[in-house]
Amino acid sequence: AQELLNKTNEKCFVKCVPKPSTSLSNSEQTCLSRCLDRYMEAFNIVSRTYISRIS
Amino acid sequence: QAQARVHSSIHQFTSMCWDKCITGTPSTSFSRNEVNCISNCVERFLDTSLFMVKKIEEQRQQLNS
Amino acid sequence: QAQARVHSSIHQFTSMCWDKCITGTPSTSFSRNEVNCISNCVERFLDTSLFMVKKIEEQRQQLNS
Amino acid sequence: AQELLNKTNEKCFVKCVPKPSTSLSNSEQTCLSRCLDRYMEAFNIVSRTYISRIS
Amino acid sequence: AQELLNKTNEKCFVKCVPKPSTSLSNSEQTCLSRCLDRYMEAFNIVSRTYISRIS
Amino acid sequence: QAQARVHSSIHQFTSMCWDKCITGTPSTSFSRNEVNCISNCVERFLDTSLFMVKKIEEQRQQLNS
């Protein structure tokens, strides 16, 4: 789970915080929160698709 | 160990297909297009791996004949 | 081992924040903007990591209640 | 050889299948086939150049 | 120190030598030299910021 | 072990010089330009590594004098 969290942090920081300032703005936090949910969802879609293919 | 390899592939595919399919700002849910793109991305990458192995086999047989 | 983890994080952050903050040709010194961007980049990445853990905790508690 | 094949698959998939659909099209297969040959050729050019330099 | 040098070489080569020719030009060497100093400086800024945050 | 390091460098250079030199769709053969670019890319990267070590040495000597 640590590896998934590290990757999510990296991908979402790159996407949601293009110009880092002195704090995380509200819109950056909204973006990060959605990005976290979507990256987990992408991970689930990939897992299902891959597992069903190699089963 | 086989399980570790599957796990590591899932991480690699998630990262690769995320970059290919999710180009805008994340929304409250995926569009139908985004879901299909992620799922097709995994399937076509696996097709690509099989295709490449087949091509290499063909070339090896031509060299030996 | 904790020290190795700190070292590896510093390398990762330098690479990531260099790509985010230094977009032009390197000059004889950093501009004030570039210095601030690098330093904010590290701080906001650490904020992001804490924010994500908090969100995951919140979701876990909602599932359990 | 496994490492070379993994890298080739990654590079060629990124280049030749920009929008994955329900199957690999003919033009995608042509691109993948050429990409495989070119990546192997690039690997050989790099090997020759590097080996001759450090010899 | 080896890891820092490898990363610096990679980042600065990508930035300063976009079209590799038969030798490193003077302007490429100037760019590499500045890039080396700036990457080290970035490494120091990151270290200071990170260490002061986790202390 | 030295051989493993050479192998790993060849993989790294192939990946890096492919991204620098092969920007279009792969063709049935490399152009003269592409071959030269790949070969120059390896040579200039090795030059860059030597150049950087020399610069670091110069700075160390200036500090010590």
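Letters are used for the chains, namely A, B, C, D, E and F, taken in the order the chains are written, and counting of residues starts over at 1 for each.
Keep in mind that, in the parts below, contacts are C-beta pairs under 8 Å (C-beta built on N, C-alpha and C of every residue); 3 or more make two chains touch, one makes a residue touch a chain.
Keep in mind the model is a prediction, meaning the values are calculated, not measured.
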- If a chain touches chain D and chain E alike, it appears here: F
- Item | Counterpart interface for E-F, drawn from C-E, B-D or A-B and sharing over half of its contact pairs | B-D
- Query: What whole-number Å value describes the gap between the mean CA coordinates of chain A and chain F?
  - Reply: 33
- Message: Centroid of chain A to centroid of chain D, CA atoms only: how many Å?
- Response: 29
- Going by the touch rule set out above, which residues of chain A reach two or more other chains? 12, 16
- Note on the structure: chain B touches at least 2 other chains through residues 43
- Task: Name the ring's chains in order, please, starting from chain E and stepping to chain F first.
- Result: E, F, D, B, A, C
- Message: Help me check something: in the complex, which residues belonging to chain D touch chain F?
- Response: 3-4, 7, 11-12, 15-16, 31, 34-35, 37-39, 41-43, 45-47, 49-51, 53-54
- So, in the complex, the side of chain A touching chain C is made of residues 5, 8-10, 12-14, 16-24, 29, 32-33, 36
- Contacts from chain B onto chain D in the complex sit at residues 16, 20, 37, 40-41, 43-45, 47-49, 51-53, 55-56
- Query: Which of the residues in chain C come into contact with chain E in the complex?
  - Reply: 6, 9-11, 13-15, 17-18, 21-22, 25-28, 30, 35, 38-39, 42-43, 46
